[in-house]
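The two complexes that follow have chain A in common; it is paired with chain B in the first and with chain C in the second.
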Partner chain A sequence: MATAGAAARERAPRPARALETAAQAAAWFVAPFAALVLAWMVVLQVFDVPLRVFPGPGHVLEAFRQQSASGALWTHVWQSLRRVLVGSTLAILTSVPLGVAISTNRAVATFFAPILRFFSVLAGIAWIPLATLWFGYGFGAITFIIFNAVFFIVVYNTMLGVSRIPLALRYAARSLGAGPGQILTEVLLPGALPNIVTGIRTGMGFAWRGLIAAEIIATNAGLGYMLFLARDFYRTEVIVLGMILIGAIWVALDRLILAPLERRTVERWGLTRRVA
Partner chain B sequence: MSTAAGVPVAEIPLWGRLARRVVTSSAWRTLGPFIPIVALWAAVVRLEIFPRAFFPGPVDVLRAFGDLTYKGILPQYLQDSVVRLAAGAAAGVLVGVPFGLLIGLHAKSYRFFWPLVIFFQAIGDIAWLPILLIWFGFTLRTMTFVIVYTVVFPVVFNTALGVRTIPVEMVRAAQSLGAPRWRILGDVFVPGALPNIVTGLRNGLGYGWRALIAAEIIVGTSGIGFMMFDARRSGSVVEMLLGMIVLGILWYVVDGGLLAPLERATIQRWGMVTDG
Partner chain C sequence: MGRKVVGIALALLLLAGGSSSLAAPAPVKIRVGIVAAIDQLGTPVALDRGFFEKWGLDVTIANPFPTGVDLLNALQAGEIQMGQVGVPLIGAVLRGMDLVILGNYSGSSSKLGGDDTMAIVSRPGTNIRAIGDLRGKRIAVSFGTISHLYILGVLQRARLAVNDVTLVNTPPGEMPVALRGGAVDAFATWDPWPVIALREIEGTYEVVRGGGFIGFMGFIVATRQWAQQNQETVERFLAARAEADQFMRANPVKTAEIGVRWLTGMRPEVALRGVRNNLPTLDIRISHFNYLALHNGMTTLNRLGFLPGVFDVNKVFSPGPILNVMRRSPNLFSDLPAIPRSAMVGPGYVFKAP
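Presenting the complex of A and B:
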């Protein structure tokens, strides 16, 4: 009992210290943005920039209040997110099996590699004119563009991942009596997983940018559309609000979901690589 | 001199040796896979599954290529796009590398600027277009800004990363050998970060190139992206496909012929990573 109590007393400062470091980290995270907003206000004051050229933080906050009260903002955000989610989910579901299937045979893999590279280079934005012609302006065209941006990069990376698995591992599994199905689930998929996740992260990065471009050109809803509509009326405060949201949503998506996912897969299944 | 199969070269007939030379050449490996794809494309067009106006064949595209080259439109637009890309790359290196070195070398500025770099990188290129259009109108300056902006951040990001991953022993070794500060910068930090700088440049140009297409589509004064969207307006699918193919080939050449070998060479020469 006594020792347990002593241990508890000794342990006591630890949560407090963790809280302190967390607070410090938060401060270091917030400080640059606070400084940025301050600089923003000072520059606007000193140079007397008109609203038509660049809005102040107050204007942007006001625009945020207005747009979110009317619900328009959330419609745009939801539309953009929905397109990215639908397009990338479809792409991931089809590209991973295809990538694994292609890479199980060396000849097939070398045959497809240049083609996949060519198309992953074309991915996204270059499809906009054709996609709008084929699918019309709207959900179909934009989902197609996002699908394209994610699909080819993930197939290519899946292939790369499978080809990097040392043959010895495959032979080892086989000599231990694993069937093709087991080799697939126990060796090929886990071994390629770090590359697959890296591919998904890169592809979605391109998809998010492509989405904004596509929305500027080809729809009547979404964050990109909101930006471009605001430009027609010289509403710079709405434009800046949209830019901040686009940045913030991507940082959240990337840092909170994709980057931890990548780090975890690499740590769990990666052979040599480390993620920065 | 014998082949892998152990047969002396002289015993293989001439056509066999020629065929082998062709099949193992890198040009064949890159271009060969596209032959069946193009054949398939031609077959689908011949079967008229889709209306010809929406889905023209390879011969139509080739004819459009000859036509537009003869008129001088395609070379001019291609030159515009490539010059913009090169300007973006140059500016990205000139601005991005020094800033990245500063952030990487100075711990306090690293902590301060890092969140900002991530945030501004996330406000992708295209999101800047609406406000740039208000500032500069539909001009070349808008496009230059977009591409430079897009290239700079990945370069900054990766340069800082490269500097920070140099083992501290290297710096101490240089110091204990009596190197002054500027020599440590020139002999340790810059070469040590070089592989990362090149990777950053490659990523940045990948993004920048896509941004350029989008900017050309939206701003629309000249360039391959403009050609494609102009074709969209007049409903000329042939020119759209031609634009996509030219873009794909252009990037394949720039990336596969220039950036990837550069990256490989720097990693081999200066990199400390054994498995990328």
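Presenting the complex of A and C:
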């Protein structure tokens, strides 16, 4: 039977097979969440949990309807996304050149390596008290927290990426007459790109966490703010809605942008190739 | 024979001693919660000065909770039996927590006000000298708290719309920093933060202190079930608290000394100034004004979208125990302004929303 099924799949035209594979992947992706929602409903029913302690899926859907109808939800989502986007972009633009400089220049490396190691363990949220002092409340402070969360990880990964490029490649490029600019754009950056993208992906995860923590303290808009304001009024349905949105936006960002970007970069520039 | 008589006498003595200790009522054990704020000192003072002991209670105060929500969660979990809480009570009741208000830790029963623990603080260069000057300014408040209600009351009195100013949501502890850094032109919150800003930031000043812009909400609460089952304990607690309030009104310096021990990191001079600011709000009695304060605060928060609904305030007020204390020990309230006859509550009182 299994053999017959496999044979049928082999006989199926290529687009149909791709569609079937995509549907299967989607089902596997959705199944755990469906199980989670089911367990959520059962637990609430069995233990008769009051809304003050934890909401049901219906309450969360109603909160979603109300918050999106008033427009407040989209303001919070947009504010959070904007901060992540600006903070991460600034961090990437500054961290990649620094990472390359450190890994290609011994003096720069000697100077910066201990500092980087020191700051890389300081969580982004540890900067919140200083950030609010320097940048006031709102966009500046939160963007700085996100910048911090992304910057050190990307610098480290850029260094790692450059250091993994075989020396022979650099020497070969140089012996073929490549100048420093060409070596940078045609050897170092492409060679380090898989690691850089991995760093960006990890850093964005940290940025998202830092963002929520910073929004609790230093602003009056954003998903973190929405979540903690709701706590003061026991609006558990808004809290859970915020948590679901935070997770969903991150999963969407990761699966639709970061993971494909990382995969393609590794395939294009890394040491692995997709089997034909 | 002689030894036998002595032995019997000793045994009788021991028995008598034992029976007398059994007869003396053991103090009732109760665990109480407070939030770390200067207007919550009544309970620590009652403990420190031995008023609870005097009224037959063995009170333990839980480590001060960071917020009213945390305190209410502890109350629901049975970790404490009574607590002092303000605005978070509204959300909890709306979500089915069966609480009763037994008295005020901060507020006023003689007028709609008692907001003396609140202030608006500004810094040089903002040209804010009176509440009318707030137009176009950035003001830090904590959204959804009594400070938010306070600034709305101030704006209403100044005939300003909410859109005439920019309100910046800021935790109270961060407000002096925001003011010093220039992120805001003024902030509105409760003590000790105004006092700390005046002390730490050169040139800062109070634009207004209190002012009766809102009816303050600071309630002594318990779950309805516990309060009904422990009515005598509740009355003893309220009597001890009333005595502590009276002590505080007469002894601000000693109150500040006790406050420094309970509110970690607070400087004595800050505590003293905060205590002095707070003296007019030490009124545990319940009157129509307290019902009105809760009703007004709740409807405002609902109108602003912070609350999903409102409830009838009659269902949470339980004035019976404090009325009994007021009847039995009028001397505990003799130094307070009289409650206007029209605002008095008694058995069968029903609040009617204006």
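The criterion applied here is as follows: the second predicted complex is superposed on the first by the 251 of 276 C-alpha atoms of A that agree within 3 Å, B and C clash if a C-alpha of one lies under 4 Å from a C-alpha of the other, contacts with A are read in each partner's own complex, and residues count from 1 in each chain.
Methods note: contacts are C-beta pairs under 8 Å (C-beta built on N, C-alpha and C of every residue); 3 or more make two chains touch, one makes a residue touch a chain.
The model shown is predicted, which means the values in this text are computed figures rather than measured ones.
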item	value
Which of chain B and chain C A:Leu51 touches, first, second, both or neither	second
Touched partner set for A:Asp254, first chain B, second chain C, both or neither	first
Touched partner set for A:Trp78, first chain B, second chain C, both or neither	neither
Touched partner set for A:Ser70, first chain B, second chain C, both or neither	second
Contacts of A:Thr132 with chain B and chain C, given as first, second, both or neither	both
Contacts of A:Asn220 with chain B and chain C, given as first, second, both or neither	second
Contacts of A:Tyr171 with chain B and chain C, given as first, second, both or neither	neither
Partner chain in contact with A:Arg231 - chain B first, chain C second, else both or neither	both
Broader residue contact with chain A after superposition on the shared chain, chain B or chain C	B
Overlapping contact positions on chain A, where the chain C interface meets the chain B interface	52, 132-134, 217, 231, 234, 236
Chain B partner contacts - residues on chain A that touch it in the complex	28-29, 31-33, 35-36, 52-54, 110-115, 117-119, 121-122, 124-130, 132-134, 206, 208-210, 212-213, 216-217, 224, 227-228, 230-231, 234, 236, 239-240, 242-244, 246-248, 250-251, 254-255, 271-273, 276
Contact set on chain B toward chain A in their complex	29-34, 37, 54, 111-116, 118-120, 122-131, 133-135, 161, 165, 207, 210-211, 213-214, 217-218, 225, 228-229, 231-232, 235, 237, 240-241, 243-244, 247-248, 251-252, 255-256, 274-276
Interfacial residue positions of chain C with respect to chain A in the complex	67, 69, 87-88, 90-92, 94-97, 140, 143-145, 167-171, 174, 177-178, 181-184, 301, 305-308
Residues of chain A touching chain C in the complex	50-52, 70, 72, 132-134, 136-138, 217-220, 225, 229, 231-236
